[in-house]
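Some structures are shown below for you to check.
You will see chain A twice below: alongside chain B first, and alongside chain C after that.
On to the complex of A and B.
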């Protein structure tokens, strides 16, 4: 019960902090809109309409969830280091991963705002008909995708805890995930060797579930794959954090790395 | 002589000190991987949507990425000074402002040119876009002019950094505007007319158009209008940037708001 409370309170607190930050709040909304606008204009120039436009709108909207998470997640521990609170978090009796997960979940939640904003942008500025065949499955798939992306951000944050310039790695991972997770580009179009990498990424399955819900197809298999990967990221994150923090404590480099 | 020293040595020192992206941990992801992945992303989106060609997206995005150092490094010339507590010292110094700020732009132009060149070469290899040997020298000239022009816009963002604390957000927003308006991924004639009108006054628009023509085999003579307009816009933005810097500096002194915004 106390764990659930910790996750919820931290998530809510971090969400409030982020919504007041120009980088996470304002840019978190605007940045995906820049890309979505470009993509909508590209599709309009190609003369696409109907399901192709809807598919592009849904894909572009989910891009924002990952955008809000990738750079911010990799930067979050550096931010704690700058504020002098990283050592306190590490020294706290609560397991370190449990403190970081709600932080990255709050980032993905900001991304969900941007998803809604992108869909509204597509509807009212570009006139794209947002006809979701199964709204309940769509919302459920979105929630699972937010958690899946939050967990991927958690793994990213934990893995880069010792790197001062981790934000650049997170920023560099933003577009590759857009590229290979089927947000806009079908996996079949990409080289064969890319597909196994995509299958190991939760956003691939989350995106597939959201698209399936929008088109009225079944979502269960995709959702289960997304959840399984999110759990796997959690376990890997715990192991990595133990290794990284032990190493940092042993060398006394937590604040310096 | 003092102005020349401020321009060359001061500019280089400032670039090395303030633009904290020169570590390989930032430089490689931001200046090499970032543009290459964006080129691949839009080339594949273009293929999926059935619009444009690989060459179109390669050139548009490679030239666009020159703006990353142009915008971020120039913003850092003010934001970085403020962060390190040296902005009042800088502005209290008797150094002439024109060599002071233009000197900071010179390394940025070279940096931007390098980013575009690497993105063009690697992107062309990955997407197997042929760039004729004869087009490489004119292409380099066009990219250099586009980078100069974008650095002018960077000087404007540097001036705005005297009023805006979130310089990273500011630079990202300007980058996003350039990406949508400057004909990077959407042909100018496919944009709404008002967007086309705005694009004509933005740096990179004419440079990207000229780069595409040169890559398709056009001579320098045939693209001279675009090239001259691009260079002219660069000069215009530099003028506006210097004027804004002078104005905001005066205002900041008058209101004592240099470090309080």
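On to the complex of A and C.
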């Protein structure tokens, strides 16, 4: 009960912080639209229409969730370190992973906004028919994808506790994941050896579930895979955090000084 | 059992600069310190910049692992049982970092109340009580980025007290706070100690340490160079008290006669306008004022002041900056 409250309060305050930054706030509202515009124009130029355009819209929107999460997740602890609050979080009796999870969840929430914005942009500016065959499954799949991406961000964030320059990892991962997880191009066109990597990434399954829901196919298997991976990330993150925190306490990397 | 037990604690920092040329540099920040603090005691750590005070505190609140040695707080080892320690201690660092600038003061406190598991039903009253205590009532809804330095420090203090910690670590808590606020802070700290809170304090303000601390350890270069009550430390000042005697027209032989008195270390004559002032450095504990007066029988004597050595005199002698 108190854990749920903690997660909710932290999530809400983090959203507040995020919405008040010029970069995350205002630009965060705008850039998914630039992004979507680029993709819609490219698809239209190559003559795509109907379901292909819808698929592009859905892919672009999940890319937005991932982008909002990956870069900020790996940057957030560096920011906490810089403003001197990382030590406060570590010194609190609440388990550290429990504090970081809502932080990344708030990023994924911002991402979910970008998803909705992308779809509306596609619908009203580009006239793409958002014909979702199974709306309930679509919403459910989206929620699960947000949580899955949030958990992947959580794992990323935890890994940056120990290394002061680890924030670069997230930035480095942002674009490869677009490619690998099949946001825009189907997995089948990638080399075979890439596929196992894709299978280990929750966004792959979330993306697949959202597409399936839009097209009216079954989503259960994809959803279960996405949830299982999210839980696995959570476990790994908790194990890793213990190690990372001890290492950070040994090497004095919690503060900047 | 002591509330804080520190035994042979050391901490070395390794810093390597540069990604490719890894020339590691080692700093021995804390070099084998031991002390203990009893329940309800207010213990001061004094020492120059870089002496190792903050490093020591960070080991005690589980933010840094000791390199060697042991430390426990309320019987819990800081390495083996960090969570038990974290639950029970509070701390306040000086400086304007360590706050969420984009949130209001109130939201900052709400967040940490949650982190420290302050029961939801108590949170409101507790937070308002603390805002009142640190004098931020009325400003709590403003964003912290607009706070002055002292207001930030006041917010730090409120944060540190949220969960009514049994042991409080105050690392330069009064830095940046105006004189009235600093006096209120001292009263707050005294009240907490009266109610049984154990406090470890560092400060660069000697009068603050003198006013508050039951016992003090002076550390320099990562080692304790002296410890005891503030009075103990003052007693140990080798220069002893100074008797200042204002005289109008000192006769030739007077200085020599005073110099010859038992208990007198040295005599200096200072011109101050019309008068001359005899500055008589006295051995600690010696009572010489009467004897000096009788040496001056013919001269007209003005003000006589005996100045005891202050904690600052003691400190400066201990850490050895001339």
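Please note the rule applied: the second predicted complex is superposed on the first by the 252 of 257 C-alpha atoms of A that agree within 3 Å, B and C clash if a C-alpha of one lies under 4 Å from a C-alpha of the other, contacts with A are read in each partner's own complex, and residues count from 1 in each chain.
We adopt the following convention: contacts are C-beta pairs under 8 Å (C-beta built on N, C-alpha and C of every residue); 3 or more make two chains touch, one makes a residue touch a chain.
Owing to the predicted nature of the structure, the values given are computational and were not obtained by experimental measurement.
Colleague: Determine, under the contact definition given at the top, whether A:42 touches first (chain B), second (chain C), both, or neither.
Modeller: In the superposed model, A:42 contacts chain B only, not chain C.
Colleague: After the superposition on A, what does A:134 contact: first (chain B), second (chain C), both or neither?
Modeller: neither
Colleague: Between chain B and chain C, pick out the one touching the greater number of residues of chain A.
Modeller: Touching more residues of chain A than the other partner does is B.
Colleague: Does the superposition put A:34 against chain B (first), chain C (second), both, or neither?
Modeller: It touches chain B, and chain C stays clear.
Colleague: Output check: A:179 vs chain B and chain C. Expected answer is one of first, second, both, neither. What do you get?
Modeller: First partner only.
Colleague: Write out the stretch or stretches of chain C touching chain A in their complex.
Modeller: 13-14, 58, 61-65, 83, 86-87, 91, 93, 95, 97-103, 107, 110-112, 114-117, 120, 143
Colleague: Which of the residues in chain B come into contact with chain A in the complex?
Modeller: 21, 23, 25-26, 29-30, 33-34, 37-38, 40-42, 44-52, 166, 168-169, 172-173, 176-177, 179-180, 184-187, 190-191
Colleague: Along chain A, where are the residues that touch chain C in the complex?
Modeller: 2, 5-6, 9-10, 13, 16-17, 20-21, 83-85, 87-94, 99, 246, 249-252, 254-255
Colleague: Using the touch definition up top, name the residues of chain A that touch chain B in the complex.
Modeller: Contacts found on chain A: 22-23, 26-27, 30-31, 33-35, 37-39, 41-46, 48, 52, 56, 163-165, 168-169, 171-172, 175-176, 178-179, 184-186, 189-190.
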